[in-house]
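Chain naming follows the written order as A, B, C, D and E, and within any one chain the residues start at number 1.
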Amino acid sequence: MLINCTAYQRGHKLADLPVERIGDYLQQPDTFVWIALEDATAEELALMSETFGLHELAIEDAHHGHQRPKVEEYNDGDDGSTSLFAVMHLIDENEGRLQVGEIHVFIGTDYILSVRNNSARDFLGVRARCEREPKKLAKGGPGYVFYALMDAVVDRYFPHIERLESEVEALEDRIFTKGAARSNIRRLYRLKRKATLLKHAVTPLMEAAGKLHGGRVPDVCTKSRHYFRDIYDHLTRINASLDGIRDTISTAIQVNLSLVAIDQTEVSKRLAAWAGIFAVATALAGIWGMNFTHMPELDWKYGYPMALATIAALGGFLYWQFRKAKWL
Amino acid sequence: MLINCTAYQRGHKLADLPVERIGDYLQQPDTFVWIALEDATAEELALMSETFGLHELAIEDAHHGHQRPKVEEYNDGDDGSTSLFAVMHLIDENEGRLQVGEIHVFIGTDYILSVRNNSARDFLGVRARCEREPKKLAKGGPGYVFYALMDAVVDRYFPHIERLESEVEALEDRIFTKGAARSNIRRLYRLKRKATLLKHAVTPLMEAAGKLHGGRVPDVCTKSRHYFRDIYDHLTRINASLDGIRDTISTAIQVNLSLVAIDQTEVSKRLAAWAGIFAVATALAGIWGMNFTHMPELDWKYGYPMALATIAALGGFLYWQFRKAKWL
Amino acid sequence: MLINCTAYQRGHKLADLPVERIGDYLQQPDTFVWIALEDATAEELALMSETFGLHELAIEDAHHGHQRPKVEEYNDGDDGSTSLFAVMHLIDENEGRLQVGEIHVFIGTDYILSVRNNSARDFLGVRARCEREPKKLAKGGPGYVFYALMDAVVDRYFPHIERLESEVEALEDRIFTKGAARSNIRRLYRLKRKATLLKHAVTPLMEAAGKLHGGRVPDVCTKSRHYFRDIYDHLTRINASLDGIRDTISTAIQVNLSLVAIDQTEVSKRLAAWAGIFAVATALAGIWGMNFTHMPELDWKYGYPMALATIAALGGFLYWQFRKAKWL
Amino acid sequence: MLINCTAYQRGHKLADLPVERIGDYLQQPDTFVWIALEDATAEELALMSETFGLHELAIEDAHHGHQRPKVEEYNDGDDGSTSLFAVMHLIDENEGRLQVGEIHVFIGTDYILSVRNNSARDFLGVRARCEREPKKLAKGGPGYVFYALMDAVVDRYFPHIERLESEVEALEDRIFTKGAARSNIRRLYRLKRKATLLKHAVTPLMEAAGKLHGGRVPDVCTKSRHYFRDIYDHLTRINASLDGIRDTISTAIQVNLSLVAIDQTEVSKRLAAWAGIFAVATALAGIWGMNFTHMPELDWKYGYPMALATIAALGGFLYWQFRKAKWL
Amino acid sequence: MLINCTAYQRGHKLADLPVERIGDYLQQPDTFVWIALEDATAEELALMSETFGLHELAIEDAHHGHQRPKVEEYNDGDDGSTSLFAVMHLIDENEGRLQVGEIHVFIGTDYILSVRNNSARDFLGVRARCEREPKKLAKGGPGYVFYALMDAVVDRYFPHIERLESEVEALEDRIFTKGAARSNIRRLYRLKRKATLLKHAVTPLMEAAGKLHGGRVPDVCTKSRHYFRDIYDHLTRINASLDGIRDTISTAIQVNLSLVAIDQTEVSKRLAAWAGIFAVATALAGIWGMNFTHMPELDWKYGYPMALATIAALGGFLYWQFRKAKWL
């Protein structure tokens, strides 16, 4: 579905145009076309491919989806020009579950085409931002738009990271609470899965962004290389946070297991202590319950209270001993 | 066993030919021969080696089998030309078990020879696909055929990955189910083994494919380098998925252990609680079963009901206490 | 909030100056301006950006804070000069918790601007040190000041490392103490978190410092490269210590778990041993408490003492056996 | 102990010769000498060192033994020629234990000297193989002999790997067998040790072999570089197998621990269930064994059968409950 | 404290000299001075710094101590000459504990200065060795002395490694012994700590030594590069041994935990089995101890022996069952 198709000249919006007229604008100097599609059909992609001469493999990737984040350079245009094909993951939170969408971006010297799949949030804010900065847009062209898109995508990762971090912190307080082991381990597992999903979005994009600044940068991005370094920097930070979160979760799983084992030992100790106290009582009662004819103490006047006292005294003594040994 | 032996000129099929006549076709311009063998004998390999001047070490590898996936370049032909020798793993699922076959491919400037071992699925679809695209075949030659074969091999990995992923997901729902720990751990172990087997097929091939695009590419592949990058990309994705699966399995094994330990603690607590309740009852019954002459309560009219009531009351109190402490 | 704004000429303090007059001093030869801000507002940053021509992305980072430690080079000044932007973490201990502040430093050929955020400790000592060494200051200029700041930041990491190391060592003595498992695991977890926090401060800074000596060094730092190697060296040492601490903590967590499990087994053994001894006593007492008419031993004169002796003997024998088997 | 000392000219055996006459042959064109020693004494090594001008450090290594596998290049001969010194591990199985021997090889332009230590298996087969291939021997010279030796050493690793793999596979079937946990863990530990020992032999040799093909290859090996790549390839495969084995063992140790824990929980559950059933019986019997005067049911005609029935019914009910809960 | 101060000319000892006269000798051709200090004071270091023009940062490091092992190159002498500063760890065993000392070495074209700190063992043997080899000393100069010192330091690591290895091996025999779990885990922890301490000494030194042979070697070491490769080689071997030891310890900790868990299960099984046997006896005795009026078997003549027989038979049967199930 077409969302936008606009031509820009020297950084200023020229016109919204129907797809068929793109060709006219591409020939004008200092002009580029910016098209945004959503959940594009095969026909729409085919039309785009024809209009801009996109590489068949890139189109195939965009059609199939489920790509790893990446930035690829294609350079077999007839005029020796190179074009870029980028895949980025869009992460939306939906009722506590993370959902992965994708945005595919094709960037040439005079066009930029973005195809958003399986994600509800649009990128109209990016267009507005670019139009507010005509100087930068004029200087950077499609490369700057690409940067602005990427920046928006990456900015949307931050809230997820922050939520993860605060969930981890909340768990840290819970982890030493007795009786919460089962729910903690379930939460830890779920957090680990979320962190992994985000990592799959972030790490490959970070690696790709690393190639857009520094030594050998694709032509279309050279004028925006400081901006791409900034994105690379943000991705590095997110990546480090994710590594930290994953490491903390691993430690927390181990710690949780240790705490369960400690809990088990404490239960065993209390069980053993009480079992001991009652075993003594039962054994003594059993002995005085034996049917021997000659058991003098049975006939004593205060035999019974003495028996009770003995049992109570032994029990008390054991209780005190176990208490001292921290078993009770 | 010979499956096919066909000559192609400028991308079009020229003729199916007997092995003896290969030499005639090799001398024609813009022509290459494509031979497919299955479970080749030493004699067949020797004949091929002679016909195309294959390197003895490559032939030996193809004969012995059980190779790691790889792409090797040989360059001591008399005319300074280089040839490639590739090994790829073919994974078939057979009654829930993965079975590893191999395909060995020899690629020269005017020939491509594939030898399939220990796998039931043929590659006739690849031939059909290539013949439908004569332009690409004419441009890329044996290198393009090599790409098409590799693409088919890699495409066959995807269903295995998807099956693994859905098995892991199914396990995730089961892992928090009580009483399934033993079968879960068995499944996790089996999944780990499958993931390892696939990893052994994918990672070395990914590394090899990485050398077929980018900086220094063997001559025979240069015209298809974008295609090989596409394959490299697919393999990178599969590899990342496998790493994710393995990581999830590891976490799941740990989580499973934690859950078993938690289960154990819960069992211990219930055991301890009930043991306590009955120990009290038994001790009291034992005391009133003692044979002392002077035990006044034994003669009370309501002594027995009182005793029963005491035992029940103490039991009830303990039950309530254990309930409160979440031991029951 | 402005803390200092001073001009230096050939290593000597020229004058404290109001921010508006910076421009006058920048034009003098062999002169540079050193400004220190604390928790700078957006307006202050904007003014600085205008005065020194700082890059918008660097300013944005400084404004938002929560950056990863880094040293970035910007080189699109009109005169081809490059400037640096550095982020370092400041770690303060506050009632046993580590708190992370930041210092952002902008370094150009004739200025150095430091912005300290969220940290109570100032860097006046650095200024004093630099002014005591006019020769070095004259030779190294803003690069030397940058070194002195970094050196002070890194020096402040050492006490944290030492405290961590001594806490770990204290734990090592406690870890084999019975009954401390729960508090040990809690402490280990807390230490792990502290070590992780320090690692996030140290490792990226170490990587950044590695680029300030050796092959390709930013212009402004070339004359101080031995100093930066020294810092790199300190950071490498801290980093190695942190890795050692983390490794030790991991091992300690495992060892703690093992000790808990051993403790559990020992408890089980003692429980089993005592349960066995009393079970025998109770069973025997029960048997002699049965109401059969014909139980000859019940009428023996020494039946009762014999019964007690049997029970005691059996109990003693079992006790001795369990003692021998180290269960008691 | 000298095993062989033979001169070869243009790939053909010239003569077996006494050590003293080596000098004569070294001066002939296209000739090289191949000497094999076993458990060489210091004197023998000194003689060799003098004859061929071997480097003192290499001789020292060969004398002391217990070296890591390696291939070192020495290039301070007077004539600018380089020589190689290689160390490889020989692994023999002896009553189920792996034993490590070493072979040290010195390779120059006109000689190759091998010293075998602490290993019973000789390399006569290598000599026979080389003499059967005079063409290759003539072309490759001492470098080819070096290859043939290395190939033989590496070929002898394969059976160990296969035995390890089949032992691991056998364990996999045993691991889910109840009651074998203790012997499994012992075997797993032993397998891990064997895998580690083989890894110490394989990985450094693989790294060394990686430098004998590809970019910068020592002179003496250039003509055999395809052969060294083949060896490198084999070592890579062995190395990957070993990594797989080690990974499987690690997982198996974890799985084994999980199974022990599950086993423990099952035992606890059965213990708890039976303890519960009998506790009820004992408590009831105790109650009816109390000596209260007024216990009407004691005088009922069918009091006793009723009591037995009650106990049996309760026991049966509990049994059924535990059965349902999978505790029994 | 000064230990030695000697001048060497063309490899031969010229004279022991007082520190003040060093300057005279430095001007003679082919001459260098070798000074050894022990636990040097700040004054001694200052004097040395002045005499040889040592870099302030190196002096500071030597003064503060607690450095990581390293080899640093300083090259801002006025005459373009470079000097080296090396730090190595000295490990002494003291009553079973490892103690870390340091040796700092400053190497220039015509001097070598070593400062030994916190270690009782001197390096007089190194001096003796060098003086026995005047040729090498003449050729290599201070670089050769540096090598000889390093060689001595590294040689002293070997006994520690061997002791560690034999301690690990001794533990391996103990690990499967029942009842030693607690002492084993304590020893494993201590071994891990020792291995970590040695690793901190070895790994950085190995990395540093790696830069003293191969491509870009400091001037002063070029003539001894084969010797440094030999040291690098030794360090690589030690490093690999340490990695092996650490890996074995990790596995042993895991195995120990598994064995404790298995032990626990076995104890539980025995506990359960005996508890079962006695519970049956007690329940039966309790039943026949009930006070019902009509319990016909109580009046049977052989009622009592029959009861005992029943109890014994049931007990025996259970014992046999548990035995069969390997619980006893």
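Criterion: a residue touches a chain if its C-beta (ideal position, glycine included) is under 8 Å from a C-beta of that chain, and two chains touch if they have at least 3 such contacts.
No experiment lies behind these values; they were computed from the predicted model shown.
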{"item": "If a chain touches chain B and chain D alike, it appears here", "value": "none"}
{"item": "Superposition of chain D upon chain E: rotation angle, C-alpha, nearest 5 degrees", "value": "70"}
{"item": "Rounded Å distance, chain C centre to chain E centre (Cα mean)", "value": "24"}
{"item": "Inter-chain centre distance, chain A versus chain E - centres from mean C-alpha coordinates, in Å", "value": "40"}
{"item": "Sites on chain D at which at least two other chains make contact", "value": "254, 257, 261, 264, 268, 271, 275, 279, 282, 286, 289-291, 295"}
{"item": "Topology of the chain contact graph, where touching chains are joined (line, ring, star, complete, other)", "value": "ring"}
{"item": "Order in which chains appear around the ring, chain D first, chain E after it", "value": "D, E, C, A, B"}
{"item": "Interface residues, chain A side, partner chain B - complex", "value": "55, 57, 61, 67-68, 70, 72, 74, 76, 179, 181-182, 185-186, 188-189, 192-193, 196, 200, 204, 253-254, 256-257, 260-261, 263-264, 267-268, 270-271, 274-275, 278-279, 281-282, 285-286, 288-291, 295, 297-304, 307-308, 311"}
{"item": "Touching residues on chain A, where the partner in the complex is chain C", "value": "172, 175-176, 226-227, 229-230, 233, 236-237, 240, 244, 247-248, 251-252, 254-255, 257-259, 261-262, 264-265, 268-269, 271-272, 275-276, 279-280, 282-283, 286-287, 289-295, 326"}
